[in-house]
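One chain, chain A, links the two complexes that follow: it is found with chain B in the first and with chain C in the second.
Presenting the complex of A and B:
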């Protein structure tokens, strides 16, 4: 049984006499332990979907269930197994950190005698133990974000719905949140997380869904999506010398290799936050055919053919230093499948 | 009821003095206690008990009850005005609704926390009233004292519930405060008086005036000076309105927020 099952979910809002469609027939299945990255431009329908799963919005049509429980028919049961962190949230400033967590622990009906240890555990998990007796208003924004995550974890939910958990945070705080999500992943939680920071999403999400104008355009495994979007697999080959000969050999394998690009000695790092950086490894002209460098190969085949390409290069005496599948560029995938339309 | 998490959080969160150092807190409490003690001493010992007759006691009784009535009419409509709008403004409302708290826990937690502070403000006058009653028990009967406190309790409950209700309906605290005062001061005090005067040419013997809080307090402190009003009907009306508002909030607390 899937942990999260969504069938033809639809949400319409009334604006005067007109119905505005926020979400159109969204269907999705996630297994336990999946980390699903929900990607889409502002107004695409991510928050609407998350709120419907969190029982805070009633769908116009369709069904959604978590752990086999229908979210519309049994909202109380859903709230017991789901942790929800909204995109914009506040905290109660006028109480202490432990009081804040104790309030939510009691609101989730945790027994009084178990609450102190649970609070200590979630504070340790979110690295806030030292702030236990501080007033919430004294925390930094990143700490408040982690406190909100701690609150979300206090009843040990099976599923976590995190709407833009790292938005508005500085790089250090974002890294802390990312590390925390990785830890939750290792604990077996099923997580739906929406974010605009795509390089970070592909680092810990095993599945993604791209939504635009209320429609789920594509969903599934990150690499499979990248392949289907690009229509090919990519391999990076780093050679020590004779890059010109390696380029010629690969270009000659036209039955397997679709394109060969010389990308120099450096690829843009996926975590590079420089907005001026190229979104794609730029193809360059080979200045010195006898020098080393990196070639990016686009091919259409199966893993067997990766082996064949490597074999041909090695047998031809090309000194291959590295041969690997590059990280998927989620930003590239996102830009290819979306049109920049909001619903 | 004290196990209600919302009530405990509201009571803890509203006491800003908690953030002061212990010495400063004790100092503040001693200052307040000495101020109140001094007022009690002068009013009770030097004023009420010093009078050989009962006139001072009766007059003080009237003044104190009018003061309490004014406090209820002026503070109740706004005391719970931010109880839910503040949650909406600071974006904690959704997270509160997402917990497993029952709607009744949220509503009563917020209502009782506000009534607690209002009750403290009202009860602070009680020693003076008891002194008046002890000194002039012939003029200020036990039934009058009980009736006055009943009217105060019902009015405070009803007006605070109105305040809480509008806080649930609107999104901003400022609108909530304005709506609360419009209903209590504008509607119950001014409109009933104007309507009665226009319809009947007189404030007396007009059912519209029965729910006027000023008339209710007038009848409670001195049944002889005002005639025509029916205090029982007024109290039942207030209690009924309170029950209706609370029931609607409890039934629709989450529904309302869903599509808002």
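Presenting the complex of A and C:
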């Protein structure tokens, strides 16, 4: 039985007399121990989905269940097994760290005599033990995030719903959160983490889902998605000279090569690029067919047959300097699947 | 969640609030300022007393009097201070949690929603109780001087704490409803202001001015609040106030609790039931008081004209009219807009009332009216005769066994006694003789003179004699014009509420924002209740009435006022429909407004349904810098 099962979940908001769809038809299944990265631009519907799972919003249509319990029918049971951390800190003023945790421990009706030891445990887990008697507002942003996570752990939930746990944190705090999540995964918790920042998700999620405009565009484990998204898979060929001839040879292999693009006279590398520029290189016209340069081919054949292209090129006497598959990272997948809808 | 006695004591919200409340300097500054202010007042008054005693010896001033005065000097500012500090604490209690995003975390825990509300309320009351109790040492000066009974002071403290519970609960209710702390604070203080106005100022104004139905309604409300009657039973002084305060506090706290429940949109019936109780409980209490006053002739003791109990129907009429915009504005769901009339009809089904959808508002409000009427009849039934509830208007005409209408008191010269019976004005001169003047059917004035020796003479004159004061307007001859009775009054009230509810709904559909619609509706309510009254008052004695007076037809209380005072109702009013009974006028006018609103709604809802079908908007997404490419996942 999957730990989290979402079927055709939909949420509409009403603003005045206008209906706005925050989430269209989301279906998802997660097993126990999964860390699911929920990625999408702001306003894509991540928070809405998480809030519906946390029983804070009522779905317009569709069903969701956690551990086999329907979210809408038994909200109280769901609340007992779910730990929710909002995208904003959610801390009180004028209160000490241990008092904050004690408040939630008693709110979760943990036995009075067990509360101190549980508080110490979650403080140790989140590395906040020495801050036990500090006031919450004196903590740094990263510490507040960890405190909020500690609060989420007080009642030992099966499933954790973390909305943007790493937003606005410096790299060090981000790494701390990441380590913490890995530790939680090893404790067997199922975690849904949302973020609009990709690199941080790549490292600790075993599954990701990309959402845009309320639609889940892809979901699955990172590798499967990369493969399915590519469809064609890019190979960069760097030649020393005679690029015109290489282009002609490659274009002739239309059974396995869909397109051939001249992308520049130099070998492309990520560090060359302006971060604001488009990730995908622009296609250019070959001005000097005898010069060297980089060609990007869209390969559609079997993954293990790539060498045949190299073989053909080498046999034809083309001086190939490099032949490689550029790394497809999450960022690339994300940009490929999202359309960049501008409101 | 199973009931657990330990959870009652172990209230995490209360624990946290109490921990934080006295932390830092703020609470101490408030306490110091509060006590300091009271101390300065006491010192000023005590210095006056002391200097009087110095100047004139111990007999110069009555210590007991000063003691009582000192009690008032401490008590009155305290009422204001506590009633202003408590809502400041509670009106932000839930909105602040919502703003700092802790509310979601809190409601997701195992704490019962009522525990959250009780915790918030108790912590606020605890603070105001601290303020109240810290003034006890100052209060002890009153004991030194005498003049105030210990019971009086004890009652004062009890009422203060009961009052702060109610006002705290009101702040909490607004806090749970409002979107932000600012709105919650504004709403709380506005309600408090209106409440103060109603409880403190209006009764004193009405007591000094007039004996009409309106002032009696207010008087009876005040009596049930401050007097010793509650639900028609005589109790100790102050009990009525304490009981009503407590009931209202509990109801408002329950309203706040309902807003915290999981999926509050599915529990629209809870606020409705609570509203029902908030209207019906004070009404029952008032109807019982009014019944009791009528049958035990307590009006005469209060120096007032006897009016039949039907006058108390003005309270639910006014309250429901004020509640209508709240329930009849909001957003119309596209499914409801598509089949507007069907959903309006479906609103009468119990299931629709349960979910509290907008289209069920007219039905809910109409049920509220009928429930008030049922309670009114119920009070009569409980006191012995349900039948007489239905001939409440008949009671005014002095039916057998009922007190006759008291003579009208009219102004006259010193030493003379004037009275009026119907259209006859009698003047009794100091020497024992008297003159009575009345208009006879042929239009002449008949003057009956009675001399000191017992003889009398009748003369007919063309004009009213100068030495006899005349009635403002000579009432028409014969029996008073028809007024209808309880049933007709209820019919007109239902028509008014339905018409107004539809009108409010059409405003929502027109403006498309709830708050604007609500504002417009309240402007209408206040205009219709104030403008004709002002037109009438400014016209006293004159002959030309402004057209505003016809707005009386929009006031659903007027039919009941007319049933109460059938003989004198038309004295100063010249309305559009002449002597047509008010209930009929009100029904016709509101039915017309209802029909127009329905037609308007028909057009608006069609448009809403069409726009909802065509333009489903997505929530704004922040732009992603990415190439627009046609690469789609192959799934």
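Keep in mind that, in the parts below, the second predicted complex is superposed on the first by the 244 of 343 C-alpha atoms of A that agree within 3 Å, B and C clash if a C-alpha of one lies under 4 Å from a C-alpha of the other, contacts with A are read in each partner's own complex, and residues count from 1 in each chain.
One rule holds in what follows: a contact is a pair of C-beta atoms (placed from the backbone, for glycine too) under 8 Å apart; a residue touches a chain by one contact, two chains touch by 3 or more.
Fair warning: this is a prediction, and the values are worked out from it, not measured in the lab.
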Chain B and chain C placed together on chain A: clash or fit? clash
### Query
Touching A:79 in the superposition: chain B (first), chain C (second), both, neither?
both
Kindly classify A:58 by the partners it touches after superposition: chain B alone (first), chain C alone (second), both, or neither? both
So, does A:307 touch the first partner chain B, the second partner chain C, both, or neither? neither
Worksheet item: Who does A:42 touch here: chain B (first), chain C (second), both, or neither?
Response: second
Query raised in the report: Does the superposition put A:109 against chain B (first), chain C (second), both, or neither?
Result: both
Chain A contact check, chain B vs chain C, more residues touched by chain C
(Q) One more residue to check, A:324. First (chain B), second (chain C), both or neither? (A) neither
Practice prompt. For A:151, decide between first (touching chain B), second (touching chain C), both and neither.
Written response: both
Would you check which partner chain A:94 touches, where first means chain B only, second means chain C only, and both and neither mean what they say?
-> both
Superposed model, chain C vs chain B, clash-positive stretch out of 166-174, 328-336, 382-390 or 562-570 is 166-174
Both chain B and chain C touch chain A at residues 54-56, 58, 75-76, 79-80, 84, 86, 88-95, 99, 103-104, 106-109, 151
Listed in rising order, chain B residues that touch chain A in their complex are 5-6, 8-9, 12-14, 16, 19, 90-92, 94-101, 254, 257-259
So, in the complex, the side of chain C touching chain A is made of residues 1, 4, 7, 10, 12-13, 15-16, 19-20, 23-24, 100-102, 104-111, 262-263, 265-266, 331-334, 337, 509, 512-513, 608, 611-612, 615-629, 631-635
Given the complex, residues on chain A that touch chain C span 12-22, 41-45, 51, 54-56, 58, 72, 75-76, 79-80, 82, 84, 86-95, 99, 103-104, 106-109, 112, 151, 155, 212-214, 217-218, 225, 228-229, 231, 276, 278-280, 334-343
In their shared complex, chain B is touched by residues of chain A numbered 54-58, 75-76, 79-80, 84, 86, 88-95, 99, 103-104, 106-109, 135, 148, 151
